[in-house]
Amino acid sequence: MSVLPALDVGLALLVVGVAAWTIAARNLFASVVGYVAYGLLLALVWVRLYAPDVALTEAAVGGGVTGVLLVTAGKRLDALASAEVGVPPGRALKILAGALAALVAGALAWVVLTLPSPAPSLAPAAAEAAAGPGAGLGNPITAVLISYRSFDTMLEKVVLILAVLGVWSVGADAAWGAAPAPLRKVRPDGAMILLAQFLAPVGLLIGVHIFWVGADAPGGAFQGGALLAAMGMVAMMARLAEPPRIDSRKLRLALVAGPAVFLIVGVAGLALADNLFAYPQNFAKPLILFIEAFMVLSIAVALPMLVCGPPNGSPK
Amino acid sequence: MTPPILAGLVGAALVGFGLYGLICDPHPLRKLLAFNLVGSGVFLVFGIVARRGAAAGFAFDPVPQAMVITGIVVAFAASALAVALILRLAAASGKVTLDPRAWTKRDDGGAR
Amino acid sequence: MDEFLLSAAGVIIATVAVGLVRILRGPDDVDRLMAVQLLGTGGIAALLLTAYATRVPGVDDVALGLALLAAFATMAFLNHLDAGQGDASQGGSEP
Amino acid sequence: MTASPGGALLVFAVLTPVAGILLSFALGGRAAERITLALAPIGLALAGFIAFLVARSGAPLVYVIGGLPPPLGIALRADGASATMMVAAALIVPAAAFYARAKFATPDGVAESRGALTFWIMLQAIWAALNLIFLGADLFNLYVALELLTFAAVPLVCIDGRPETLAAALRYLLFALFGSISYLLGVALLYGGYGTLDIVLLGERIAATPLVWTAAALMTAGLLAKTALFPLHIWLPPAHANAPAAASAVLSGLVVKGSFFLTLRLWFYVLPALPMAAPAAILGTLGGCAALFGSILALRQPRLKLLVAYSTVAQIGYLFLVFPLASAPAGGALGWSGGFVQVLAHAFAKAAMFLSAGVLAEALGHDRIAHFSGAARALPLTFLTLGLGGLSLMGLPPSGGFEAKWLMLRACAASGQWIWAVPILGGGLLAGGYVYRILAPALADGVVEVKARPQLSRELVALGLVGVALALAFAPEGFFEFIQIGRPLAGGGAS
Amino acid sequence: MSALIDLFSVAAIGAGLFFFFAGTVGLLRFPDSLTRLHALSKADNLGLGLVVLGLIPRAENPLAALKLLVVWALVLLSGASTAQLIGRALRRGRK
């Protein structure tokens, strides 16, 4: 296997090169496009690190949804052509910042190269515990997310809700309650509608598949939810669906469902399994899938709402 | 060079580039891009820690990988909030600068 | 055989990397996006080739995800290209 | 590690406001206000009971979430310091909520309004995040708590939507994101080195290696950016001065203390194996510079809210003197107590002063200090609060500020580190200057036009908070013993 | 049998490489956006198609083979649609 190292080095150089380009590019949009390419390449790096779960998340969220967010933002800023930008810093600050960045990168590289060997790992403990009676999962990542570090995962869903509310809160007072502006102003071409009509259902299928196999194979609620979110955005970009009104009760419930169900099951654990956020031995796996299903819903709704932005127009 | 070491070097370089952009670029959207570069560099460090933690019979340590998944979603949420603020700022004032001097003068009324 | 698959992946990566020069050069935003599109397709091909050579499990799902998102950024870009083209009359697609 | 009896309360202290957030978001703005106010007594009772349990057992209270102990699972842990901070949060957050009722009421005729929903949910979120920061015993769990705090605090800064508040919020967000990611990078390195993120386990395993030093530097830099310690303070004054008064009170009084608390946790609990002398000297120097520099800038501010915000920059500086003082082999306990009394005194005094500044701005229609002539006669209670709060900032008796500085000076004496007395005393002198700048014109002759009479209840809330800041001067000896519960004997490298 | 499969894979993937190469050359050398678009959309879809074709006999089970085909179909559809959309937007922009 002498080809593999060469491939890895090439990929690494490419990632670093594209990253440097996004920082150095003069044109704002060029650097945004560079970032989208960068997200794609990162997914490949994650596969090389034996992290298909992360690669999926990175492809869907880091590259895909973030890419759309940034492309949209870049184009909207271009439309405000008069927008006045601050002055770039002077040479002294640039040199200082460069020295600081080089120092941090150098220290980091050195530390990473000298990480202890053999490396400490929770892998055996996690795999054993994941397959055990308290969880019954074949994918240890899902077990970590929903069982051992469930508290993190639940709170991180609350962070998503706060982010949605934060995005809404920068809108105008008069617009409160209305829907965000559609992702596309002009009525789309037939070809785009056709594309979305095909992609969205296939993507729905794939997203649900990835969520469903996630208990035992790579995949899970985050990855499935992120793909569903992307498909929702595809439908919105073809105007097959419109962003909902932000005061819609259904929308609010969908956003809250994931963390709320998680919280309720977690508290019920005190009665059912003697511990908060513990799962009763015989029901662990179905309960985990139950929680995950609602999390998929919340993620699939929250990400597109974050991209759509604050409410727009009049609520009437 | 095995992939973990290589990825570690990539991660360090990404953190460096991103940090430089975060400090030096005057445009807030570009600062946000730079932040995302730093973020992915940090996630890569988690990734190599996970890969190095590949104990007997396991391809990776799941705990750091799970943390990266959490982190990616949080970083996206932060980007969305920042984009909303930037767009609103540009629309409301015609400026997309964070330079404090631009905001101490009381002349923003006529901008847009 | 694995060596061949990996070499093929390497050649594809190198090829599309050269194509990325279009992101640098432009001249139009459309050209930059085409380069990303090429990178996306090539990336999927390289991903599949590497996965089949190194037998990392679950990579076919990653490829599915990437394939679903292949047109994602371009669609977002087109939203604004069309809107900026002047016929914002909500009238339709006919030129 | 096993759970203590009553440990489940720790989880509920976090989950209660989280449940409030979810319910409020589903039910809408009007319900959000009611839920927040209903949570106030529950939260206070929980914090009080946790403090009681810690005091009774004299040892930290621990809960292992899901019954899955670290390193794989997550634990929560309350010691004397966390319980004290939780009680402080449980007093200040409800006070701000009560104060904000009039401004952030949902107007009649609409089902929900932007400002009301945002304010009430974010206030609960700040509370949840702070409780988790005080209780968290896992470094990644604490990262989630820090993010929760950021996402709650930033929208409060720009809640009134003016462009300069949007710019302040964006600047704050970028600093906070830099802080989080820098912290997270340190977390990644520590996991890579030791295979656990549990604070207790790490504290036992860590040795002074380059990896640990790098991680410590990254995490500290991130936390300092969030705490706004000089020279990373530039985001704070515009953010805190532009937020509505009730939000400023919580942001200045509590939110910056969250990341400060984590800096303490990091150095005294996670990294006791590191020789503390050099990092403590650096942190103390930055703190001393902040105390002097922030006070000088406060002296030059034309507006009251900006002055109070710069005073926060200065007062944060004092907090960092706890690193050299509490890590010294002699007088460490005095320094630790002094630091915590300073945290509390500043939290209550600053919250009271921001609320008073809000009352003042609404009553006069402006907060330009040059136009305060005669204002003390028109608004005696508010200026009484400002004056008493100023007393604590200056460190004059009888006040918590005095108590804090007295303890710190005694710690200086005990450990022979006289150099730290310079910022303590110099900063107090400068604080006298800027408090005089507020009070002197107000007490002078003149007539101000009062546009709207302030509600007595709001003035009383602020006065009550400043009362707590003063009462700290009379804290019994038992209180200082309580703060020490669970404190590791720090400065392992030194002793 | 396995030698035959290997031969087939090498042939198909090798042909795929050629099309990726051609696509990149087109992207870099052709004079304007429309012709570049034309070169790109043909080449990279065929390239990925041939790579997928070469990998199908190596799939471990029918589901994996199906996934490979779906990947290709998705990219083909995305590529064709976006090429048409970009082309139309470009033409409209030129008028």
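A, B, C, D and E are the chain letters, set down in written order, and residue numbers restart from 1 in every chain.
In this section, a contact is a pair of C-beta atoms (placed from the backbone, for glycine too) under 8 Å apart; a residue touches a chain by one contact, two chains touch by 3 or more.
This is a predicted model, so every value here is computed, not measured.
S.K.: Provide the labels of all chains in contact with subunit B and in contact with subunit C.
M.R.: Correct list: A.
S.K.: Under the touch criterion given at the top, what is the topological distance in steps from subunit A to subunit C?
M.R.: The fewest steps needed to get from subunit A to subunit C is 1.
S.K.: Hey, which chain ends up farthest from subunit B, C-alpha centres compared?
M.R.: When every chain centre is compared against subunit B, the largest gap points to E.
S.K.: Based on mean C-alpha positions, I'd like to know which chain lies farthest from subunit A.
M.R.: Centre of mass proxy via C-alpha means gives D as farthest from subunit A.
S.K.: Looking only at C-beta pairs that count as contacts, which pair of chains has more of them, A-B or B-D?
M.R.: Most contacts of the two pairs: A-B.
S.K.: CA centre of subunit B versus CA centre of subunit E: separation in Å?
M.R.: 32
S.K.: Approximately how many whole Å separate the CA-defined centres of subunit C and subunit D?
M.R.: Result: the chain centres lie 48 Å from each other.
S.K.: Which whole number of Å gives the spacing of the CA centres of subunit D and subunit E?
M.R.: Measuring from centre to centre gives 57 Å for this pair.
S.K.: Could you tell me the distance, in whole angstrom, between the mean C-alpha positions of subunit C and subunit E?
M.R.: The mean C-alpha positions of subunit C and subunit E differ by 11 Å.
S.K.: Hey, what residues on subunit E touch two or more of the other chains?
M.R.: 70, 74, 78, 81-82, 85, 88 - these are the residues of subunit E that touch more than one other chain.
S.K.: I need the residues of subunit C touching at least two other chains; which ones are they?
M.R.: In subunit C, residues 33, 35, 40, 56, 61, 64, 68, 71, 75, 78, 82, 87, 93 touch at least two other chains, as defined above.
S.K.: Two-or-more-chain contact residues of subunit A, please, as numbers and ranges.
M.R.: Touching at least two other chains: 48, 50, 53, 76, 104, 108, 112, 115, 119-122, 126, 144, 148-149, 152, 156, 159, 163, 166, 170-171, 189, 192, 195, 199, 202, 206, 223.
S.K.: So which chains end up touching which?
M.R.: Contact pairs between chains: A-B, A-C, A-D, A-E, B-D, C-E.
S.K.: Residues of subunit C touching subunit E in their complex?
M.R.: 1, 4-5, 8, 11-12, 15-16, 18-19, 21-22, 28, 30-31, 33-35, 37-38, 40-42, 44-45, 48-49, 52, 60-61, 63-64, 67-68, 70-71, 74-75, 78, 81-82, 85, 87, 93, 95
S.K.: Spell out the residues on subunit A that touch subunit B in their complex, using ranges where they run on.
M.R.: Its residues touching subunit B are 5, 8-9, 12, 15-16, 19-20, 22-23, 28, 31-32, 35, 38, 42, 45-46, 48-51, 53-54, 57-58, 61-62, 65-66, 69-70, 73-74, 76-77, 80, 82-89, 93-94, 97-98, 100-102, 104-106, 108-109, 112-113, 115, 119-124, 126-127, 130, 140-141, 143-145, 148-149, 152-153, 156, 159-160, 163, 166-167, 170-171, 222-223, 226, 299, 303, 306-307, 309-310.
S.K.: Once bound in the complex, which stretches of subunit A touch subunit C?
M.R.: Interface residues on the subunit A side: 1-4, 6-7, 10-11, 14, 18, 21, 25, 27, 29-30, 33-34, 36-37, 40-41, 43-44, 47-48, 50, 52-53, 55-56, 59-60, 63-64, 67-68, 71-72, 75-76, 78-79, 183-190, 192, 195, 199, 202-203, 206, 209-210, 213, 217-219, 223, 227, 230-231, 233-234, 237-238.
S.K.: Write out the stretch or stretches of subunit E touching subunit C in their complex.
M.R.: 6, 9-10, 13-14, 16-17, 20-21, 23-24, 27-28, 33, 36-37, 40, 44-45, 47-48, 51-52, 55, 58, 64, 67-68, 70-72, 74-75, 78-79, 81-82, 85-86, 88-93, 95
S.K.: Where on subunit C is subunit A touching in the complex?
M.R.: 2-3, 6-7, 9-10, 13-14, 17, 20, 23-24, 26, 29, 32-33, 35-36, 39-40, 43, 46-47, 50-51, 53-54, 56-59, 61-62, 64-66, 68-69, 71-73, 75-80, 82-84, 87-88, 90-93
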